[in-house]
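First chain written, first letter: the chains are A, B, C and D, and each begins at residue 1.
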Amino acid sequence: MIGGSLDAFIGSVHRMAAALDGTIELVCGAFSSNAARSIQTGEALHLPKERIYASYEEMIVQEAQLPADVRMQFVSIVTPNHLHAQPALLALKHGFHVLCEKPLAFSVAEAEQLGIQVKETGLLFGLTHTYTAYPMVKEARDLIAKGKLGTIRKIIVEYPQGWLSAPIESDGQKQAGWRTDPAQAGLSCCVGDIGTHAENIAEYITGLKITELSADVSSVVAGRKLDDDANILLRFDNGAKGVLIASQIANGEENELKIRVYGEHAGLEWLQSEPNTLIVKQNDQPTQLRRAGANHSYLSEHARLHCRIPAGHPEGYIEAMANIYRNFSKAVHSFEDQITHNPLLDYPTIEDGIRGMKFIETVIISGKENATWKQL
Amino acid sequence: MIGGSLDAFIGSVHRMAAALDGTIELVCGAFSSNAARSIQTGEALHLPKERIYASYEEMIVQEAQLPADVRMQFVSIVTPNHLHAQPALLALKHGFHVLCEKPLAFSVAEAEQLGIQVKETGLLFGLTHTYTAYPMVKEARDLIAKGKLGTIRKIIVEYPQGWLSAPIESDGQKQAGWRTDPAQAGLSCCVGDIGTHAENIAEYITGLKITELSADVSSVVAGRKLDDDANILLRFDNGAKGVLIASQIANGEENELKIRVYGEHAGLEWLQSEPNTLIVKQNDQPTQLRRAGANHSYLSEHARLHCRIPAGHPEGYIEAMANIYRNFSKAVHSFEDQITHNPLLDYPTIEDGIRGMKFIETVIISGKENATWKQL
Amino acid sequence: MIGGSLDAFIGSVHRMAAALDGTIELVCGAFSSNAARSIQTGEALHLPKERIYASYEEMIVQEAQLPADVRMQFVSIVTPNHLHAQPALLALKHGFHVLCEKPLAFSVAEAEQLGIQVKETGLLFGLTHTYTAYPMVKEARDLIAKGKLGTIRKIIVEYPQGWLSAPIESDGQKQAGWRTDPAQAGLSCCVGDIGTHAENIAEYITGLKITELSADVSSVVAGRKLDDDANILLRFDNGAKGVLIASQIANGEENELKIRVYGEHAGLEWLQSEPNTLIVKQNDQPTQLRRAGANHSYLSEHARLHCRIPAGHPEGYIEAMANIYRNFSKAVHSFEDQITHNPLLDYPTIEDGIRGMKFIETVIISGKENATWKQL
Amino acid sequence: MIGGSLDAFIGSVHRMAAALDGTIELVCGAFSSNAARSIQTGEALHLPKERIYASYEEMIVQEAQLPADVRMQFVSIVTPNHLHAQPALLALKHGFHVLCEKPLAFSVAEAEQLGIQVKETGLLFGLTHTYTAYPMVKEARDLIAKGKLGTIRKIIVEYPQGWLSAPIESDGQKQAGWRTDPAQAGLSCCVGDIGTHAENIAEYITGLKITELSADVSSVVAGRKLDDDANILLRFDNGAKGVLIASQIANGEENELKIRVYGEHAGLEWLQSEPNTLIVKQNDQPTQLRRAGANHSYLSEHARLHCRIPAGHPEGYIEAMANIYRNFSKAVHSFEDQITHNPLLDYPTIEDGIRGMKFIETVIISGKENATWKQL
């Protein structure tokens, strides 16, 4: 693991997600650019001293020299945005598969460079767009792919949060600090941190691509250096239209990622904070609530493969991220064993990552030009 | 009553709403441009024959000649859009107050002409933007006016319906027929029919005005002559931004008007299909559910004045419209008695109507110009 | 109307319900045992002076002498429990149909006397068990009657309210005053006021009869003379078992009447405070939300006949009571015209009333004997 | 771990829960009474061969002989009910702390024997009543302990499931098989499997004890050997009354454990399938939704200590069980280090287990005597 020292939020979530299914073991780490903190973290995690590294460079180089059955099998990168690409490139260069936090990189250029490297090495690259790993998101994708909704006409995707309603980055709140700092976060705070999840889930569920967008982007809180709110008009490659709303100043909202898709024949709705229910609506038909559960035979195989326990025992965010870790590690095993990986055990890829970076950049440019339409 | 023959949807709703509180009596009507149907309707409603008229002109002229304690006290207009302004103008000219269905008129020009006439006659003019008459909408307006949310920063208002997902106007569905016919509906179907409700409630609750908008307007169903879907970016006069989504092709949605308002200190959410709950959210505070009920002393006086029964006995759409009838008829009494009308017994006015028409026109123009920003 | 002076809650609800559909006119009333208050109420309701009566006896006798096309067509009784039977008996004796508030009477003996009188006169008798008049309750009954749930196995019906959590009857709260006074309410407060609604809806929806019960009945608030809480085990005539919970000390609950019925093949759930949704559940099938709406062709005819407006425009408690008034007045017309009344336009009858009284008495007796099983 | 071979449901959930926080390592196991299956399971879990045992006796005896820093620190027992007590007794005898699935034992006698053994050895004993380990259950307990609800008056706890609506035990469904088999499950199926969870959560949240109960117990499905449904009247040691409903034939219900508690000043409600929300209700006050989240400073310390991630990232059932594993393992460390264990890191104990067994027995006896009141 690169990044994720004890005081980081997302690092411990990754570790829980990786541990959940009992098939992945944390074997080494460079948990901080501060060597002492890296060591302190590694010790707290009961790692042997020789596998706690002072820097990611050291870790990658030294692990690569270990015997194949000892060295790490893939790298997980959980650093802030500006520290995604360099470690990923180095890991790939030394033959390691990479699982990386989103957004993929600091800029489109970095992202594309990574894309080339992945292609050239032929190694696996995964991205933790966690929300698409929920079982009922798989179910939604499956229903649309099977034509249950007919031609898709309209997509409303929103991601309201309220936690940045006040300038808490000035008070030393660490999560807010790096996300609102252009040097660490890149072009964007809100669009990069959460808007890109909304973009990713909209394209994932529908199988469509955004072709054009018009974005009204704001820094609502005085003195904030990056955006904290965006309202975006979308157009998709099949002619469907949509809206994407992302906000970190929606006071009182926790993490309400929600998507609604309307087709010629039916509509569907999914809300991340109640992730085990998928609502399917149809004119003049009773509304259906489809529910996650390993025992629900009416669900698609795709959905069931991402449930661990019977319906009514809620699975949550950590389980969703664990689905990515499980799928990616299975893909690594398939790669090593040179067997075909089950395509239903999918995970976000380098292409999702590059697309996400282009989306962020396009939104920010449209925003600066007063919401002019821009091609994506 | 003008319009509202037996086979019209909205006419009977108006009659139920007017009857509910026992203070308004239907005394005459010109229920259809078809004289026979008007008579048939009037008879079914137990009106005396001499008060059933063959045309609105006849009704207005003849009623005006009746003694003051016999003739109608105000006119209710429930015809399609193209038949709002002429009867309203004639009624005003003959000294009758007018309560009119929305949108106010067929065009901005007509609306402004009506505005002048209202001003000149000094008579009362009400508009049945029914949704703003729910008690919890009053509560929302009151909370914001009192500063509970702080400066308003973001407004998301949406009105998805699914009933026009197929070209049912071609199958003789009457409601769909006139709404999608430019000769009867005017410039717009979706924006005029429901978008304007969304605009009205957003401005009513927040006390803000939309100053600028960028609208992506669509006729999704092939062959439809007017719009059936719109995604609109909004900017308000205090700098707040927003989104307005209106759709009649959101398959499976019934009538899901919903508004969310986020301020510096808190946010709120109200959904028309569960109208008796107002959700108030605040970062790091428990979410509050404020509930309609004549017995709830924690509600504002404004809200309580619009509840009839104790909490837990749901009041609905007809009660909301009845609030407008009750308030308007009380205003008429106050007018006649030359006493001050209680401002908490409010109702949408001619200004709301003119503004609604400008909104519709501006949206349609922006839509035709690929969502260019337009001033409102 | 008998009872329902201006300061009574339920009287005005009855008047709104009766007025809603425009087919019933309030023509006379004895609104209070206090003649002055009766006159004051009648005047406020714009009744002609000669039709405002000082007592119900006067009203019944004098109205009976008016010409058939002038006199009232039926009597509505909205007094406290101890004043139901006598006016009803007198009205029947003078040839008037009766619509009466629940519970039917002060005691089982009174109720049975009324039953005999109804039988002997052959006149119509309705009871305002309002909750069974919601469209989705009709839908539930219809689904079960059609066998959709299979054999019914378990019924959970509950009616929690919180408004009597404190001894507000001591503070002069009028609604609490008579309901907790044995001289006006009879044997029971909680079971008579709300428990009987729960019993009625359980038997109405399932078509089953309670045969036996064991009731743990309490007066939770110190000094209260009648019960304010009851937990009851139920057994039904087909072998099904159930639970009935009624409480007026469930602090914070408004009026949460809820019923769940489980059969061999499926289950259903309906909640009065969200009355326009009926939830149908089935093992290993998506849950269905069936929604009220005059336009929903998937609903039973029984349900649709009790909807006024399209889905998504919520109808509430007043509309439910208006369904009883509408159905009862249509039955009166059918009676007078000697034509068959549509059985789908049903309303609670004298049998429901007698059964309700027996239920109340049985529960109270079981309660006094430490929840011994009692036949019903 | 004892029990939990690859084809068992609950074993893998325990392993995920134990692994989640990265502080517990599975070091050995006797996963099945079938030695081959035990070995197969252990290998799949990557255990060294010498730590995979053919029987629990072998495991306990041999592990006890390993050096202190190598041998297992505590035993987790996840077998069916009839195989709880013997392994637990043996483990205690050999000095191992024990974490055991509920219900504690096969009979009250066995349970009490275990209780004596725990007392005599002074070792730690935990029970996986998972539902009381959710953060919002801790919050509920904390609110009541602090007097926020005032004196508790009424408790409604229910646990409806539908999965045993048909006689699936006859079709070889393994989970149904042992639970409906008196030789493996003991006196009860429904009450032992889920009713005891309801009893435990009711006593845990309120701090009260059930003193008396009257239970209507049924075997609804023809041919079933044990109960699948129970409706129970409850009385508590402070005079509060209650209802406990447990069912496995509530067709269409997944796992809807729900508790409502009403006090003199307020009420609360919690539903396991939406575990991250605690509803607090109060007459004439807005309803409060308290939400789980490590970042919510308004929550009690007790609740926050059981959240891993910020609000809006749902935690579920596995996280709840992981809370028990985490707390128990911390208690084991405190025990070994002879330091005081933080009482907020609580877990169900041997006393809960003995009480649960008495509850099951008392319910079954009351049921056999037609719901006679029995002391608990």
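Methods note: a contact is a pair of C-beta atoms (placed from the backbone, for glycine too) under 8 Å apart; a residue touches a chain by one contact, two chains touch by 3 or more.
All figures in this text were calculated on a predicted structure; none of them were measured in a lab.
More inter-chain C-beta contacts link the pair A-B than the other of A-D and A-B. For subunit D, the chain with the farthest CA centroid is B. Between the Cα centres of subunit B and subunit D there is a gap of 55 Å. Centre-to-centre separation between subunit A and subunit B, using Cα means, comes to 43 Å.
Computed from the mean C-alpha positions, the centre of subunit A lies at a distance of 34 Å from the centre of subunit D. Within subunit B, contacts with two or more other chains are made by residues 163, 253, 280, 285, 287, 291, 295.
Within the complex, the subunit B residues that touch subunit C are 9, 12-13, 15-16, 19-22, 26, 45-46, 161, 163, 253-256, 272-276, 291, 293, 295, 308-319. Against subunit D, in their complex, subunit B makes its touches with residues 280, 284-291, 295-298. Put simply, subunit A touches subunit B in their complex at residues 149, 153-154, 156, 158, 160, 162-163, 165, 214, 216, 218, 220, 229, 231, 233, 235, 241-243, 245, 247, 249-253, 260, 262-267, 280-283, 285, 287, 370-371, 373.
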